[in-house]
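Sending over a structure as structure tokens; questions will come in a sec.
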Amino acid sequence: MEPSYDSAKVAEIHRHLHSHLPSEPALRVKALESLLVEKGLVDPAALDAWIEAYTEEIGPKRGAMVVARAWTDPDFKARLLADAGAAVDEMGFAGQASGHLQAVENTDAVHNLVVCTLCSCYPFAILGMAPPWYKANEYRARAVRDPRGVLAEFGVALEPEIAVRVWDSTAELRYMVVPQRPAGTEGFSVEALAALVTRNAMIGTDRDLAAGGA
Amino acid sequence: MEPSYDSAKVAEIHRHLHSHLPSEPALRVKALESLLVEKGLVDPAALDAWIEAYTEEIGPKRGAMVVARAWTDPDFKARLLADAGAAVDEMGFAGQASGHLQAVENTDAVHNLVVCTLCSCYPFAILGMAPPWYKANEYRARAVRDPRGVLAEFGVALEPEIAVRVWDSTAELRYMVVPQRPAGTEGFSVEALAALVTRNAMIGTDRDLAAGGA
Amino acid sequence: MDGVFDLGGKQGFGPVDRAHEDEPYHSEADARAYALSVAARGERAYPIDWFRHTRENMVPTDYLTRPYFDQWLQTTLAMAIDAGDISLDEVISGKADALSRTPDPMRADDVRKALKTPVNFEREATSAPAFAVGDTVRTDHQGKPGHSRLPAYARGATGTVHAHRGAHLLPDAGAQGAHVPEHLYTVGFAARDLFPEVETNDTIYLDLWESYFVRR
Amino acid sequence: MDGVFDLGGKQGFGPVDRAHEDEPYHSEADARAYALSVAARGERAYPIDWFRHTRENMVPTDYLTRPYFDQWLQTTLAMAIDAGDISLDEVISGKADALSRTPDPMRADDVRKALKTPVNFEREATSAPAFAVGDTVRTDHQGKPGHSRLPAYARGATGTVHAHRGAHLLPDAGAQGAHVPEHLYTVGFAARDLFPEVETNDTIYLDLWESYFVRR
């Protein structure tokens, strides 16, 4: 059936759920899984398909491949920075939340950091599941107000001359950071380069990748 | 010793207390009472004096006496509306948070409502302890944005022509509402009138007092 | 809507906890909650903006304390109850009413297809863009009554248009079931213009729709 | 400071719960927490603004979920630890270090005196007031870095001066241990100028210091 689009109505439903569902997350999810399957709202095979996709197939290795290719293929890099959605589609990685992907590039003078302060928007198709900290109140609250403080906690000590650009993804645009290629990786294969790219570097909470791997 | 006036330092102390104190309020207060008494930071007799003052002596009966006198003594009412702190001092009720008291008067055309959205400032000396709802997130969030909705929950159905004035006490000014004297109370004694004045009427979540008592 | 979900720039939050950062799910319950939430939403008429707004309407302390996918699951459930796909009584009792089975859930094949299919939110513009790259823009000093995407920290603030993204579906309308294309801009704000204590020259970029700006 | 304590106008909160409204304390623990909090604060150098600001710096979810006087007690404790009147180790272990007893707590007579003695926050002005009753004023669109008393819902808003209250101690300075008198005004704001969905002609009054306004 159709949604009511009535804020007050869903707020009241939430208050009922707050009062009546088990408080412990594991108990809650167990009770709801039985009910939703019994009710026919979910197919158990679909549940497995969702979980497996992000356990086995989709994850930050995709983003790392995109970055490594950008490091080694200037034409691809130009396409990536111009239209990242199309560029990742080219590599067969189009999927959830990749439709309006934007790639932003770190340089000696610029460091990029991605956050979603209003919920937790994330480019699932190329980075997989967001790490818990990305979805946490602390990161959402602090990344826009004190990005350098947050970066320091992640071990990234930025000199004052390096400008920070924080991308707060308030629309369906999603962001990935293209980190700098580490020195000493001349002649590395794309696969070897991809192995150096950390997930956090593509969010922006990591900066100096090591030629020896993370 | 002197405070540091360092926000980050007290925030960190709070995080330690969050992690290390018992979560259950009754256990927490018990543990802290023993410690603070042992440490010499509090005198058990002072604890009893604080609790008893607001159990036995100081409470909304004081405010009700102020209102009843204002209803029957036009000169006092004028003094109350001009300088409520001095007027309650006159009645022997000066005390906590009465220093900058303001009295605001309901009329046929105006209804007043008091809140403190930033903490829970309240005129203790004349109304006693604030009711739990006054200190609750729900009241603090909603009283300024939806005063008529809040009033309806308290059974006060305001006609649209009656203007609502919400007083959000963001400074040391504290507010008390002087409700309208109910019809049919001609000739009542000050004591009988005071018995009709509810605490909520002096906050503004009650409006039409009954001649027969609340 | 103004609420506790609007976390950007709020102070008093402590260090970022990096536990479980290298696992796709931080617990079995987390994985099941995620899958249940997306499988039950599936192809149904639960638009993304209505999902986000329904989550925003959760009990505020639940929003700030319950696990992330647990919140997704509760939100999906609230939408299903709202739309009449399941009743509150069924949820509270834990027993499905046999007479009202929902016939057609998302299947594993639908999942595999969804995982390869990006959703496009760009639409043909119905008006010329009011702003161009390089323009100075000022945001509204207040929020909107319902779902909207102008965070409190960037209200009444002045920034510079960094990019025009074409016309995208306006979330404010989407959360009311309407499809309204509106020009979308990426706007850069000097961090020191947003937060009084900032002394750096850093920049915060936000993607904002045209109706979030004051016409100058 | 921007934080979850700034609750005015935040949406998503449900009905007001009137439980225990006719008792001075809603539990024995509540009464003890209150008394401990005020007795330990007593005559010591814990200014009211520093108390409020220390409470604002509590873990945000504690602020929104823990009982009111429990928060006061934790805040008083945090101030005492900050000032070195008790150590964090003593609090965590629950054992007072015998060598460092604090000699002079508030006595019952001090309590009885405090209960009859209003505190006066008005001070002689050091400048002429910038605004007069009836003036139109506009508030700053952003908050201040530390403790301050301009709620988020009234930022960047235009109102009318209802009363000039003389010069009062500025809380922003008080929370840093300084005593700075500044002109205080009660300002009326049309509710419809503060909240986008309001259709009434109601008025919200706020007590605001002169530095919270933009000079026009």
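In this document, chain identifiers A, B, C and D correspond to the written order of the chains, with residue numbering beginning at 1 in each.
Note that in this section a contact is a pair of C-beta atoms (placed from the backbone, for glycine too) under 8 Å apart; a residue touches a chain by one contact, two chains touch by 3 or more.
Bear in mind that the values here come from a model prediction, so they are computed numbers and not experimental data.
Colleague: Could you tell me the least number of steps, going only between chains that touch, from chain C to chain D?
Modeller: Contact-graph shortest path, chain C to chain D, evaluates to 1.
Colleague: Could you compare the number of C-beta pairs in contact for A-C with that for A-D and name the larger?
Modeller: The comparison resolves to A-C.
Colleague: How many angstrom lie between the centres of chain A and chain C, each centre taken as the mean Cα position?
Modeller: Inter-chain centre distance comes to 14 Å.
Colleague: Based only on mean CA positions, could you tell me how far chain B sits from chain C in angstrom?
Modeller: Whole-Å distance between the two chain centres: 39.
Colleague: Just the number, please: Cα centre separation of chain A and chain B in whole Å.
Modeller: Averaging C-alpha atoms per chain gives centres 48 Å apart.
Colleague: Scan chain A for residues touching two or more other chains and write them down.
Modeller: 11, 15, 137
Colleague: Where does chain C touch two or more other chains at once, residue-wise?
Modeller: Residues 1, 5, 9-14, 57-60, 64, 153, 194-195 of chain C touch two or more partner chains.
Colleague: Using the touch rule from the top of the page, what pairs of chains touch, sorted by label?
Modeller: A-C, A-D, B-C, B-D, C-D
Colleague: Going by the contact rule set out above, which residues of chain B touch chain D in the complex?
Modeller: 1-7, 9-11, 13-18, 20-21, 25-26, 28-36, 38-43, 45-51, 53-55, 57-59, 85, 89, 94-100, 115, 117-120, 125, 128-129, 131-133, 135-145, 147-148, 150, 153-154, 160, 163-173, 200
Colleague: Spell out the part of chain D that touches chain A in their complex, as residue ranges.
Modeller: Touching chain A: residues 12, 14, 60 of chain D.
Colleague: Which positions of chain D touch chain B when the two form their complex?
Modeller: Touching chain B from chain D are residues 1, 5-11, 13-22, 24-36, 38-40, 42, 45-48, 50, 52-55, 57-59, 62, 64, 66-68, 70, 73-74, 77-86, 88, 90-92, 94-96, 100-108, 110-112, 114-122, 146, 149-151, 153, 165, 168, 171, 175-177, 184, 186, 188, 191, 194-195, 198, 200-209.
Colleague: Quick one: in the complex, what on chain D touches chain C?
Modeller: 1-5, 9-14, 56-61, 63-65, 141-145, 152-153, 155-157, 194-197
Colleague: Which chain B residues qualify as touching chain C in the complex?
Modeller: Going by the criterion above, the answer is residues 11-12, 15, 137.
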